[in-house]
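In what comes next, subunit A is part of two complexes: it sits with subunit B in the first one and with subunit C in the second one.
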Partner chain A sequence: MRGTTRWSLLLALVLAFGLAAAACGGDDDEGDGGEAAETGGGGEATDEPIVIGAAVDLTGQMAPFDGPAVTAAQIQVDKLNEEGGVAGRELQLRVIDHQLDPERTKSAAIELIDDGADVLLVTCDVDFATPAVQEAITRGVLAVAPCIGTDQMGPERFGDQGKLAFSIGNVAQDEGAAMAEYAIDQGWMRAATATDNVIVYFQDVVKAFAARYTELGGEVVVEESWTQGDGTIQNVVSALDNANVDVIATSTAFDDMPAMVGGLRSLGNDTPIICGWSCDGNYWLPEGTDNFYLVTYASVFGDDPSDEVKELITAMEEQDQAPGTGGFVTGAAAIDAIAAAVEETGGTEGEALADAFEGFEGLETISGEISFSEEFHSVFGREYRVMEVQNSQPSFVELRAASSPAEIE
Partner chain B sequence: MRRLAELSGLVAPVLLLALVGVVGTFTSRSVQFQFRFALVMAAIVIALYVFVGSSGVVSFGHVSFVAVGGFAAGLTTVPEALKLSLSPDLFPVIASAEVGNAASLAIAAAVGGVFALIVGVPLMRLSGLSAGIATFAVLVITNNVLRNWEAIGPGARTLSLVPETTSFLQATVGVIAVAALAFLYQRSRWGRVLRASSDDPAAAQGAGVDIYRQRLLAFALSGALAGFAGGLLVHLLGSITTQQVYLDLAFLTLAMLVIGGFRSLWGAVVGALLVSGINSLLLTAERGLDLGIGEVTVPTGTRLVTLGAVMALILLFRPTGVTGGRELTLR
Partner chain C sequence: MTVLQTLVDAVALGLLYALVAMGIGLVFGVMRLVNFAHGELLTAGAYALLLTNDMPLAVGLAACFGAVVALALAMEVVYRPLRTTTPTTMLVTTFAVSFLLQAVALLAFGARGRNVGVLSELNRAVSIGDLRVRWVTLVSIGVGALLLTATALVLARTDVGLQMRAAAMDATTAQLLGVRASTVIRFAFLLAAVVAAAATVLLTVQRPLVTPSYGFQLVIPALVGVVVGGLDRLVSATLGGFAIGFATAVLGDVLPADGRVFLDTALFLLVILVLLVRPGGLFGRTRAAWERV
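For the complex of A and B:
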């Protein structure tokens, strides 16, 4: 009897797998169609829609970055479609939430490309995005991250096929340089740096700050580092509190950012802190945060200098998707850049689109003028919004572009 | 006849794994990928089973061996220029190493086995809860070393561009090989001795069994299999980060083993495939699963809640797992 029960378990499992395969495999035909579209679609005049797939995180820790970017991308897609589409073709955006699960990230990319995606949008961190990026570029599909902030989207990280990988985010060398130039202009000549080693973008922003800051005559007197979540942030706070400097430069996010800022202020230390885009938004600000500065893509506090950006924010608010940080604008800018590349090449072939991207110099997008080069597959030369936080309220101070990206190792 | 009945304990797991391999090939490419992932997860869980099932000691640390195996297989198959761009301080011997797929898997197994042997020397003297906690400490230490020591790997960065060689054939053959080795071990004298000593340590010691040595052997073998499975994993995903092979994976694989039944190979295989199946179905259902009679959509997060609930229910009502911790044999 017991043997029968166990064998029936095997039978049940076999049936369950059969069912699972049948349920999940229902899109087989679409998959084949997708491949046909992928191989035959590029470069040819066609009425077929241009499909932009998005393998992003809408529930995990990247959701505050990916979510608004995808909403803004959808609004821009709708806007361009109302204006007649791109090269006479309709744009479509298809989104899969991979929740940062690496297996899911890859299978989402496979599914979207099989389903006919001509371009793939990926999550805003290169480490999390890698499985999707590799799937796209090995299949000749352009991979665009709305807001990855390192120069890692490109051949350096992904070999020759990395030619097909781009980010509409700022290259960290540029963002850190803008922070340093602003700090020097304020007369802050002695700095402490606090490096969060959890992701490359955080590390590179601080490296770039230090490089440009010392070039311009500033002195970095204290260098602290930790890794997000390792439980040592209070040690960093103590060291920074004892540093006796004019400015503290950092780039971090998540839980340790409020711990650092709140920790310093609770010790009565009101040294100005300057940060990159990762510190944007007021959702994390500890009560009574003063003397906090950051550079970002757009102000989400109603005082952005661009009317187009303000309109986009209003459109997002109407959908109950008010952006928390200025990074949202990169989602819309990604659509602008993809549209410009499709217009220029007349098709969606990955290699041709990548050539067009590399040639963009001062391309007008909703996030201002953006440029790429063979070296930098992330944006440089962007006009940042410098924001100042007093009493936990961020406000726009000025537009500032870095004179050039800083040289870092 | 008795021998045949005993051998049949291997037939059912192999049959099920092969079936998953075959059925998977008939699905769409993204589902195929999930099937291959399920097979690799099964390899990890079987590796874990070799130690936990035989010794009765819970190990939270086996994902360390998956991690070192994964990084070893990845680092030996990625071009030197890329490795150096990710981590300029890499030891020259690692930077210049470039071997084929099969050799990288062998290296992964060797690295996992040697690492397990080294940490096992002090750890296997412990029993019960303290052994479990000590293996957890190994996991934390390994993760931090891999994350911060850039002379042995990419540190906090993702190791990208790893050749994606874990096809259906490689995944299926790989996991069946792991299952066969696990089976051979459990039928061997050493496997039986260790299992007996976990049932009654005093009697085993009285009969002259060196429990420490037996545990160490099982730990090293299971570390080698976990390292090999790590190699399969990295060649499936095409990339690896330290975060992928840390707490989430440790919890998930242990849950798979407990749900299936940690005292049998059949339990390890069933647990891994069952949980992978539930996982995939719920993930799909979170986006809308077309059942033919209408689309079912469940709230985001259902997957994790369900997995936790399934594990709790199994522990409550069937503490020995869905298979009862028994092999599926002809007897």
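For the complex of A and C:
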């Protein structure tokens, strides 16, 4: 018995060695051009499509931002596929509408990544996007928001794993700086600021405006603030009306935006008001709004200086998805940036893509040149469309890039 | 900004909250129901004004009042089976109705707001020295006084008013004496709807962007006002609404610009203090027996 057992053990060892050798040989064969299981394999060559998952809100309060961005992203995906794809691979966009429900947001991200999403697009608000972003970055998948406008989409909020989180939206420090530089160029040297405390983006845009404005020799003589919906917007209007300034800088949206602008104009106050992207669109403009200026991504009023942007708008209109603000273009720009990163790295591995994003300096996209850095995972350096509103009609004035993002606390 | 200007702005906000509080107080008085969906009456009225933006003013106003009254009567039908249930059940149901109606508005009109342009000229101001008084503030004072007086007269001088007061004091005894609960409650909803429609018109002048949560945002502070003023009487509830609006505007001016993020903190600290000192409400009576509406 003992001798038989010894021989059996020897035979088993020989068989095991043989199987292991065969397995190693099999790996070599696949690496020579067989079908690799492409799950973020860095520079591995493959014919499998690049899957971009989108866990976004197409129904709730973020739908006006996410919907146009996703439509624009799909159009850009189709365009790139017609041109031969990215690194020889087809792009696919898979969308799940999570309706801003936190549980559904997380489960949408899980479902998309489990189904092979190589990159995840998330909703345009960092708080609402967080469940999806965390799911993506903990699994090593690049998370990209089309239009979050703060520095929160990155290490600032998500720690070391935040290296894999980016936004194609303009960082507030850059947007506020562009507003201030435009105001100074107009000779508006005394300003009042009106800060809406409801979200960090609004606060940071105004802070950046004040920082760059004072750097350039302007004087902020009145600082007003309120919180959206707290009922005190008329106090703010009265205070701004009494401020003898050349320009009023703000960043706000929702109900209080027309209440402030309409309130001031009804009092006969024609002081120029300058705002960021949050004031884009004509859906909120009170009748007879004059002397209102804003910086945004693209003009949706037929006069954008870029033919490519105009074509994109036309394509969206043909799908009955006419954009309401210039933010739509960030969806298409997100696809451009992802495509550039894949081309650069030759694969879809999250960490490598993040390195590529951080290195983008003046990357050409449909929304103009965009830059990121280790500090800013949201865009700076993009040329803004300065828009002017007279008699409630917005029109394009000029392209303007901030000289640099402003430094804020 | 002058103290007088602050007081004028505070009166304007106070009047708005007072009208909302009055509607909540009317229904609570006869049904003991805190209707969280009251804000959706305002939203319905605002969307009616929006849809009739390009039509003559009279059509818009008729649509607004019609939509609000119709929705209020529909709410009364929905709440009818709840009369014998616990206050908790009623409260949760009103929340459900509120969220349901907001979801319907979201599906029908989308999340992006749309502007109502009705009576926007009322935003213009009368200048008295440095003081700017908007016409809408003056109109609100008039409308508020008119509605409160008219409601008081209806309650004091009409049969249905008498029945409402009786039902508010003791519903069971009132029913034993022949008061028809359904009629009384329906009438309370009707009155609340008329007040809500008037508030909607004034609200859209000051806040023209209509969104699915348009009215809901106003109901919470107004409800706090109702509790602070005293839930037990229509007048105290209305005054409580006014007080909350007034205090909000004054705090918004008194607090430094970088401290206004704490406005709600300061406001609710005041509310807690008031309720600690006067648990029955700032304007509530301490007598055990008295009329609620």
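In the analysis below, the second predicted complex is superposed on the first by the 366 of 409 C-alpha atoms of A that agree within 3 Å, B and C clash if a C-alpha of one lies under 4 Å from a C-alpha of the other, contacts with A are read in each partner's own complex, and residues count from 1 in each chain.
One rule holds for everything that comes next: contacts are C-beta pairs under 8 Å (C-beta built on N, C-alpha and C of every residue); 3 or more make two chains touch, one makes a residue touch a chain.
Here the structure is a predicted model, which is why all the values come from computation and not from measurement.
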| item | value |
| --- | --- |
| First, second, both or neither for A:Ser266, with subunit B first and subunit C second | second |
| Partner chain in contact with A:Pro131 - subunit B first, subunit C second, else both or neither | first |
| Which of subunit B and subunit C A:Phe396 touches, first, second, both or neither | neither |
| First, second, both or neither for A:Gly159, with subunit B first and subunit C second | first |
| Subunit B versus subunit C as contact partner of A:Asn242, first or second or both or neither | second |
| First, second, both or neither for A:Phe254, with subunit B first and subunit C second | second |
| Contacts of A:Ser107 with subunit B and subunit C, given as first, second, both or neither | first |
| Set intersection of subunit A contacts, subunit C complex versus subunit B complex | 59, 197, 227 |
| Complex contacts: residues of subunit A adjacent to subunit B | 3, 6-7, 9-10, 13-14, 16-18, 20-21, 23-28, 30-31, 58-59, 96-97, 99, 101-104, 106-108, 110-111, 114, 126-127, 130-131, 133-135, 156-159, 197-200, 227, 409 |
| Subunit B residues touching subunit A - in the complex, by the definition given at the top | 12, 15-16, 19-20, 23-24, 26-31, 33-35, 37, 79, 82, 85-86, 88, 147-148, 155-158, 160-161, 164, 237-239, 241, 243-244, 270, 273-274, 277, 280-281, 283-284, 286-287, 289-292, 300-301, 322-324, 326, 328-331 |
| Footprint of subunit C on subunit A - complex, ascending | 59-64, 195, 197, 223-227, 229-236, 238-239, 241-242, 254-259, 262-263, 266-268, 281, 283-287, 324 |
| Partner subunit A, residues of subunit C touching it in the complex | 1, 5-6, 9, 12-13, 17, 106-107, 110-115, 117, 120-121, 123-125, 130, 132, 134, 206-209, 211, 214, 217, 221, 245, 248-249, 251-253, 257-258, 260-261, 263-264 |
